[in-house]
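The following blocks contain the structures, represented as structure tokens.
What follows is a pair of complexes built around chain A, which joins chain B in one and chain C in the other.
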Partner chain A sequence: MNRAVRASVAALFIACFPAFVSTWDYGLGFSDQSSMVVEDDFNATQSNRARAWFSSPFPAGMRLDLSGFYDFRGTYSTADTGSEIVPLRLDVDRLELAGTFADLLTNSSVLRYSVGRADVSDFSGRVISGPSDGAHAEFALGNSTYRAWGGYRGLLYKEDARSFLDIDDDSNYSDDDEYFAPSRAFIGVGARFAELLGAQDAGAELWAQVDLGSGSTKTNTVYFEPYLEGRLGRLFRWRAWTVAEAGSDGDAFFAMAAGTMLRLSVPELKGFRLTQTMSWASGSDGNFKAFTPLRQGPVGSASPFSFSDILSVGMDASFSPVRHLSAKAGGSALYRSSDNPPSGGGLRDDAVGKFLGLEVSSGASLRVASDATLDFSCGMFAPNTSDMYPEGTKIRWTASLSASLEI
Partner chain B sequence: MRKICLLLAAFFMASAVWAQQAIFTEVSGKVEYQTAGGGWKPALVNDKIGKGALISTGFKSTAVVMVGPTSITLKPITRLTLEQMIQTEGGTQTELYLLSGRVKADVPPQVGKTTEFKVKSPTATASVRGTGFEFDGVNLIVDRGTVQLFTPTGQFRRVGASEFSYVSAGGVVASPSAVVLETGLDRVDELVEQSNSESLANTTSVPALSVPITAITIRLQ
Partner chain C sequence: MNRMIIVAAASFLVSVSVSAQSNEFIDGLLETPAVTLGQVSYLVLVASDNLGEDADEARAFEQLESLGWAPSGGKAGDPVTLAAFSSVLMQAFGLKGGLMYSFFPNRRYAYRELASLQVIQGRSDPGDRVDGIMAVRMLGRIFDVTGANR
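== the complex of A and B ==
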């Protein structure tokens, strides 16, 4: 009897398995990145990643997406800090269960939700970006979309979280024994109105972050981010946003950030695009404090600055000379917002003025096959040695080559 | 009494509705059609078909069908039913049901008349007047005129001439991007990729689901 049951179960499994597997979607991805930075010292980094992903429908109209990776990174440096090898790291970059409720309030509304680990970003990507653990809901009604987020960032790898809100976060980041990011929770709400006026969209988001850590400082922050974006005719696009940050680290503080972008796209000219950008983050100066987002990102590709106490005005151009190949080049002028040293450091004691230097970068991307790409980029940051950096400060050179393959 | 009769006659003439026929003007490769209740026949140039006819194109096969002034190009591996073809004094009304494949439609404006043209599919409806476009139920590229691309939730974007837009798997209309028309929707993956890199809007904020897109409508601006 037992054998008969087993045989029946096996037969059922064999009969049903192909149909079940046919609804799965899965694959592997491999990427390799070699990069170097040459300034006073030579620094090279080699990073390899193998990623597996899986996606499947779930009961009740839901969907499960899961991906994890093995990561290796080794750095070689001629500086005193020496070389470093980060051991193989296994982590989950996505574990998300998502679903939809249609016709919730009216027959033209839909509520989408997801829980788990997934990418979260504010409109500009300057307050929060990258993976987070939590929940997300989006309600679409007519031409408006309302969104809400809630999550916790303390289970992320600290390099992914890039949380630098206070001195406790800095200590956490520099502690080699610490793997996880500082314990911080966040919530966010937002509304977006598509084509509110002609081809122009408008929206606003409100984000709040709570320090759950047990460090010496409790830093809680709130961000309000209104934005506009749209099209001007067929060829021009633009966007403008601003972030007002208010917070408390024992004392109340206030900070701001803003950005604009104007882009000309002419697809008839080999996909030519010319983009002008401006982004600004306040520094500690007068009534303002340095802008401190949930996740700190870089400014530009060759300069050493992060998005705090900085003004960047830049322009870049890109085009596609042949199918599957695109090339770009650009430059930006960088200024500090306050009279304090910017995040890159290295200013001379009698530094005056605001102009930090000029960044120039270029790159190319080649799609070798539908699932294989090669990217190369290089750049330089020429510091302002006339009145900001010590004479003899070297130009900072960067280069990066990466390859990725999806199976 | 005579005046009343004349007025009534004029009224009925003005509101007269009569069925149109579609004519094959170009046929390339294996193209067949099936009339209501009939068997499959190979399509020939100048063949006329009526309401309810099902047209099928094979691999590397195309057909051009004219319904009044409207030109409908059936791309390879397409199955299409002519659901409605009506002509009135006020204009024409055409409804097609796209079972699979892709169509390109050229709907020229008619002075003083309205031309209603719809392409329905199991998941979408394209509705347009006085424009030219290519549509596969999700992706839209506009040759001329301006079209509104609608999602079931009522979100829309105006898509102008030489622009491309699509409805993401999350059910959001991507901000239209300028494109070249050379390849139409043949390289739709590249168009989507270009749109994603060009677009400033977040088109997919919640992961893709198979459920949301139940009807996409495009309308003339």
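== the complex of A and C ==
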């Protein structure tokens, strides 16, 4: 960089800096999570995180949000895998420059845009979720909203990216020397029409992912996700979505996923909520292949399955018995979609059924103060040993306690 | 339409809690792009029954200083920041605040507390200026919060 360019950058910085440091804000957050899983072995995980954030207006009507964290993670296990300590992980979880243009076309139109690292999610959160590096634009015009995304996921920590689209991704994940996620880029577009029919919204999104890695397999995928969402009277909300996935890993393949949600909310009854959900992801069976999203997530809280080759039908209830305390409990029945072993593994060789087992969980969250919270949750997964898992397969127990403080 | 809602809210506040505040003061406040410490003193102290309704802004600011709630070095004509306004509201209405506010009852944590309580809504920064409409809106939400707490 020559002297003139340096001087220009310095002058621009000096000119702009007072404009946005005058009203900047910052903070620190500390969180601690202790969790355990007991099945055949005892596994415990201790995770501590210190997170610093900075937020400020930026020239040209933009806004800068920046946050990074230090993470400690230690695991202890009675299994052969033993214990592991990751004593230091420094990373950026948000670096976003965002802006807004109001009244762009009409006085009811708004264009919002952002670039950098920020959370990205599709409607269901089952195709992509969590942080991504890239750009996002959203144009609201009357009751309709149009959105576009583009980004790269190869600079994310692999545990955050949770990319498991092919065997190269699996190798990357199991390689202890590899920090970053597989090199994959994505684009997405979406349109949502609010109150299209009464209180019901409708929309659709199209996502595409390109494998930029140098591995042995090139897996490119496209996802089409139409959805409906709305209210039924004052007390009920509902949503339904489906995802059609098409891809190529040398051969063309197709996969599907779908989900529904119906929720009863009675705010005057201690904030009571009763939610019924169904989510399904195809497995490799006939014309379909196992559903492979950009970011794989768990399907339950106590069971070991991820959202692929699975059907989950569940119900949970939550309420707030006293101010600042909320409690929840729920359960779900889990089935495999195909005749293949599901992601959790451990099925016996002659397993013929679909029913994998029953999951039950409960939890409570206490807001000690506006800046301090305590959360506790526990759950169990009872495997179906009558015709799926070997007799004697133990119940899987989980428990987690977390605390956080913002200063 | 927005103006009508604010005027209605102000009228409600006037009828409920600040009955003797002059219509001129409310009208002037709603037109103000950056409210001053004097205006804040009058608005908040009268609404919280810490000041007689016949006082003026100068007297209100004196009272704010005597209560120890005025920002150090601040003058009645100085524009107030969102954090400073939050601190005055917290103290005038006796809000307890979060863990950090209980140890360090300063403007920073007062701002955080009111943002957490949704008294401050939307994107904002502690150093932002407060316009008259926002001041009246925040005062109205303080009444909601304290009403729920009592």
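FYI, the second predicted complex is superposed on the first by the 385 of 407 C-alpha atoms of A that agree within 3 Å, B and C clash if a C-alpha of one lies under 4 Å from a C-alpha of the other, contacts with A are read in each partner's own complex, and residues count from 1 in each chain.
One rule holds for everything that comes next: contacts are C-beta pairs under 8 Å (C-beta built on N, C-alpha and C of every residue); 3 or more make two chains touch, one makes a residue touch a chain.
Remember, it's a predicted structure, so these values are computed and weren't measured experimentally.
Superposition note: with chain A as the common reference, chain B and chain C are in steric clash.
In the superposed model, A:Gly271 lies in contact with chain B only, and not with chain C.
Once chain A of one complex is fitted onto chain A of the other, the partner contacts of A:Arg63 extend to both chain B and chain C.
In the superposed model, A:Leu141 makes contact with chain B only, not with chain C. In the superposed model, A:Leu197 lies in contact with neither chain B nor chain C. In the superposition on chain A, A:Ala79 makes contact with neither chain B nor chain C. Applying the stated contact rule after C-alpha superposition, one finds that A:Ile407 touches chain C and leaves chain B untouched. By the touch criterion defined above, A:Leu88 lies against neither chain B nor chain C after alignment on the C-alpha atoms of chain A.
Annotation for chain A, partner touching more residues between chain B and chain C: B.
Shared-chain residue A:Ser114: touches chain B; no touch with chain C. Once chain A of one complex is fitted onto chain A of the other, the partner contacts of A:Ala102 are limited to chain B, with no touch recorded for chain C. Among the listed stretches 9-17, 117-125 or 171-179 of chain B, only 117-125 clashes with chain C once the two complexes are superposed. Comparing which residues of chain A touch chain B with which touch chain C, the overlap comprises 57, 63.
By the touch criterion given at the top, residues 22-25, 27, 55-57, 63, 368-372, 405-407 of chain A touch chain C in their complex. Interface residues of chain C facing chain A in the complex, by the touch rule stated above, are 97-102, 112-113, 116-117, 123, 125-128. Remark: chain A residues 57, 61, 63, 65, 96, 98-100, 102, 108-110, 112-114, 118, 121, 123, 136, 138, 140-143, 145, 147, 194-195, 199, 201, 229, 231, 234-235, 237, 239, 261, 263, 265-268, 271, 273 touch chain B in the complex.
Of all residues in chain B, those touching chain A in their complex are 151-158, 160-163, 170-173, 175-180, 194, 198, 200-202, 205-212, 214.
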